[in-house]
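So, here's a batch of structures to check.
Each of the next two complexes has chain A plus one other chain: chain B in the first, chain C in the second.
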Partner chain A sequence: MSEPIRVLVADDNRTDRLLLSKIVALEGHQVISAVDGVDALEKFRAARPQIVLLDALMPKLDGFEVARQIRREAGDAFIPIIFLTSLTEADELARCLTAGGDDFLSKPYNSLILRAKITALDRMRQLHATMQDQRDEIAQYNARLLREQEAAKDIFDSVAHSGCLAANNIRHLISPLAVFNGDVVLAARNPAGSMYVLLGDFTGHGLTASIGAMPLAEIFYGMTQKGFHLADVLRECNRKLKDILPVGYFCCATMVDFNFQKGTVEVWSGGLPDAYVTRSGGDPTVAVVSRHLPLGVIATEKFDGSTEVYELAPGDRLLMCTDGLLESRNGDGEMFGSERLMQILERHRGGDACFEALRTAAYAHMGEQRREDDLTLVEVTMLDEHEIDAPMPNYVASGQIGPRDWSLSFQLGPTSLKEFNPLPLLQHVLMEVPALRIRGGVIFTVLSELYTNALDHGVIGLSSVVKSTANGFASYYQRRLDALNALVDGFVRFEFVSRASDSGGYLKIRVIDSGRGFDVAALHARRADETGAYHGRGLNLLYQLCDSLTFEGCGNDVEAAFYWGDGSDGSA
Partner chain B sequence: MTIRSEVSADGFGLTIAVEGRFDFSAHRDFRETYERLDAEPKAFTVDMRETTYLDSSALGMLLLLRDHAGGDAAEVKIVNCNPDVRKILTISNFEQLFEIR
Partner chain C sequence: MTSKQRFIGATAAMARLDPTQINALRGLMCDDFDALIDAFRTDSAAQLEAIVQAVARCDSTGLRLQAHSLKGACANLGADDLAELCGRIEHLGRAGGCAEAEMLLGALHIELRAVSAALAELMSRSLFPPAD
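Moving on, here comes the complex of A and B:
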């Protein structure tokens, strides 16, 4: 026996009504009876029966009209209707079903068949109800999921496509294919005015990608602002992602350091397709190949932070993309591919229209489909530093007053020289002096130039003349790396002295190295006619940026000074 | 996509062959080839002869296998790659982690 349900019995014939009610009640169901069509509708509305037995021909409103009305009012719910009829013609019986009935029962009524029909239709009703519940549940679940994804996308976008992406030397295209894709583009300037740009592609889309993007962005912005070297930022990103991502999840990435003062770009690439250096001067396009494992794959000890440096003239560009572009397929299933990309780059040779041409070609290739993977393109252009409109980082110091009379001596031995970048730490100390904060970028540049000179030309003893040609540029960095790895003795010492009063103050940075020094007088003589050469730009920069620059001894002892206000130390 | 696997007669080596597109849909089948084993193979070979395409989740699966096989001490070979597959492994610099032939 089935579960008791409410059954509406509508028949204007009293005898039939009582007979039917009796049969239904004997089954344990609750009976609601109606005497005509209007009564049937009212009882239906009041009692919401689960099955309706309907006499086809009734006064006031016939069964067909009642059935139509019940269907309308029931909406999504399935209320089985069995027509009761003395009609026997096939077309009349068929009419019962077309009017919205689910079955019919002919007079004289057979209780066995009626019971069987009620049971069968009730089974259908329950099935329908279950399906509908599940459908509603899925719809609700889906709606909730979409809401959550929308919220996650908002968070992801504000984190993952952020920083100074709107700068006038950056163009980017991020296709909004998935609710959120796994592509991350970050850009920020460091205290020296360089611009770091990171393009990342997380395996898998959605939640995994957005979870990984959070610490990646945080580390990128935090460390860039503090002046850490590209490799240090990447090493930390790798460590964090290795820690938090499950095995098998990782982030392919390319990170670049655009140094506008020197006209160079330093590149690290792990797992992304080739990036390209395009020359506005008409030289051929150069592919920058991925040399490393993606971020988050190997342990910190094995992380390789080695980079490549390319020299760029104003107007030269670097283009990065994720595999979405190269793997996007046209209607014939053919991939876009790197040859097609290279053709477009070569046709435009670093021209301004190149990026737009690439975008148009990509969309034309994909046609209507425009789906598959994420499509992300980033183009960064070398400009003169003063043309860049992206803001410099704001330094947040611990106090308004800061130290007024202090000195600091900081010496690095060979192991530290190999492994440690002292600049963020020293910059941090200097930025505690309020008057120095507004010159933070200049001071960081001076600090890093002094350090690079002391290390490269002093301790290691490399000659910058090697850099005289574009080719020599690359080999210089290789020789530098080899020499640094082989280093067994030597030092670089920083000595800072600063005084400040209400009316002014000064900072003196003295850098002494263990190298042999150089012919200071000869250098000064050469200085005038060498601006624009590949080497020697560092020194010219120092002369321009410092208030005074003096070499002592044999050139391995240099002092840069900055003055503010009346330059007094308050002692006079 | 079909994945077949075979343990060598001495129970020492496992060869996993991936046919067709090696992507996320292969995830469960690929893992089951080495997780549901009575033998404990020490040397793993992924045969890509019939593999037409590799995506980043397949790279992830290779890393999972490497992890299962002992991480840095693992002996995992990837063999018979076609040029497209080889290119994807090269871009990701997986030769630093796997013996690719």
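Moving on, here comes the complex of A and C:
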């Protein structure tokens, strides 16, 4: 026997009603009797029966109308209705069902059949109720999921897109739903004013993809603003992703360092489609091929952070894209492909309209089945440094009161020179001095120029003249790499002295290297002719940025000084 | 009432009631069987009166509904001949044939009385003597 339920029996004839009530009651169900249509509706509203037995023809309100009303009032709930009828014609019986009945029972009543019908319809009712519960559950679950995704997207956006993507030399196209397609674009300036841009494409979609983007963005922004090299940032990103991502998940990425002072772009690419250097001067477009595995695939010891450097004139551009563009298909299933991309790039040759033309072509190609979700494009343009409109990093130090009288000597031997970049560490120490924070970018630039000079021209002994020849950059960097690998002795030593009082203070940075030095007088003489060209030990820049710059001995001992306030150390 | 009359009445009644249906009803209703018969006898008399009045007023809707309702009850009690007669009157009501219906009222009267009497015979405790 099934679970007891409430059954409404509506029949104007008492004999029939008694009979029905008996049959239903014998099944253990609770009977609610109604004597006509109006009574039936009232009893329905009051008692909320689970099954309704309705005489088709009744005074006041016939069964068909009662059925319609019950259906309306029951809403989503399924209340099985069995019509009771001595009607015999097929169209009358059909009418019982079209009016909203689920079954009918002809007179004379057969108790066996009625019992079977009640059982069957009650089973359907329970099934329906279960489905309804599950539907509600799914709807609630879905609503919660959407809320969570909204929140995840907010967090993702504030972490991943917090850098200088809005800079005037960056154009990008990224879906507002990027959190779900695993594409990420990061951009920030380092303390020396260079701009790092990273385009990443995580395997998979949805939360897995966006979760990986969080540490990637944190590392990118944190290390960039501390002045780490491209390779160091990438190595750390690779380590972190390797640690946290499940096997088979990784991040294809291209990362670039736009150095506006030098007019160069340094590129590392792992797993993304070719990037392109387009020349405004009319030189052919150059494809920058991925030479590495994606981030998060190989162990830290095997990670290869080697980069390629391209010289860019103002107006030259670098274009990066994920495979979403190249693999987008038109109506015939044909992919956009790199040939189409190259044609457009060549047609525009680094012109300003190129990015827009590319976007238009991509949309035209996709036509109706346009899926902007997967389309991520980034174009970065080389400009003169003073034209760049993008914020420099803010230094946040532990307190307003820093060290006032201190000195530090820090010397790197050959192994450290090969493997370690001391600049972020030293910058971190210097930024503890409150008065130096507002000049953080300048100090970092000076620090890195002094270190580069000491290492490249001092310890290794490379000539900067190499860089001015055709293909100079490539061969310069190759020679530098070879020389570093072969290094067995030598050192670079930093000596810092800083004093501060309430009214002012100073910082002196002395950098001494083990190199042979150079003819300081000759360089100074040449400096007079130069018009801001990069090579020549960046001396123009250093003279501009420091409050004083002095060379000692044979040129391998240089001191840069910064003063603030009255420059006093409080001892006078 | 003689025993012979009783016997004839019972025979006539059984002829008008489907014995299979009656047995099924007894089994189903048990102690409430008498109450069921009683309800039918009382209500059918009232319905007959309503049918007569509907014919007199030529109220075809009322005629149809009353005849239909009585037909259902008769069918449930195994009074198949009476149910069929009600069905014919219901049909006439539907077609607006009050005059033709009137001609069936006499037969309806007689048949209902016979069925009512036969049913009373079946009750375990006879409340009313069967009609002659």
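Please note the rule applied: the second predicted complex is superposed on the first by the 553 of 572 C-alpha atoms of A that agree within 3 Å, B and C clash if a C-alpha of one lies under 4 Å from a C-alpha of the other, contacts with A are read in each partner's own complex, and residues count from 1 in each chain.
Everything below uses one rule, namely that a residue touches a chain if its C-beta (ideal position, glycine included) is under 8 Å from a C-beta of that chain, and two chains touch if they have at least 3 such contacts.
Quick caveat: nothing in here was measured; it's all calculated off a predicted structure.
After superposition on chain A, the partners chain B and chain C are seen to fit next to each other with no clash. Of the two partner chains placed by the overlay, only chain C lies in contact with A:Ser111; chain B stays clear of it. By the touch criterion defined above, A:Lys226 lies against neither chain B nor chain C after alignment on the C-alpha atoms of chain A. In the superposition on chain A, A:His365 contacts neither chain B nor chain C. Of the two partner chains, neither chain B nor chain C is touched by A:Arg125.
When the shared chain is aligned, chain C comes close enough to touch A:Thr15, but chain B does not. In the superposition on chain A, A:Cys252 makes contact with chain B only, not with chain C.
Of all C-alpha pairs linking chain B and chain C after the chain A fit, the shortest spans 61 Å.
Chain A has no residue lying at the interface with chain B in one structure and with chain C in the other. Residues 201, 203-204, 247-250, 252, 270-273, 290-294, 297-298, 323 of chain A are the ones that touch chain B when the two sit in their complex. Contacts from chain A toward chain C in the complex involve residues 12-16, 18-19, 22-23, 26, 55, 57, 59, 84-86, 107-109, 111. Taken in their complex, chain C has these residues touching chain A: 21, 24-25, 28-29, 32, 35-36, 39-40, 43-44, 65, 68-73, 75-78, 83. Across the complex, chain B meets chain A through its residues 24, 56-57, 59-61, 63-64, 67, 91-94, 96-97.
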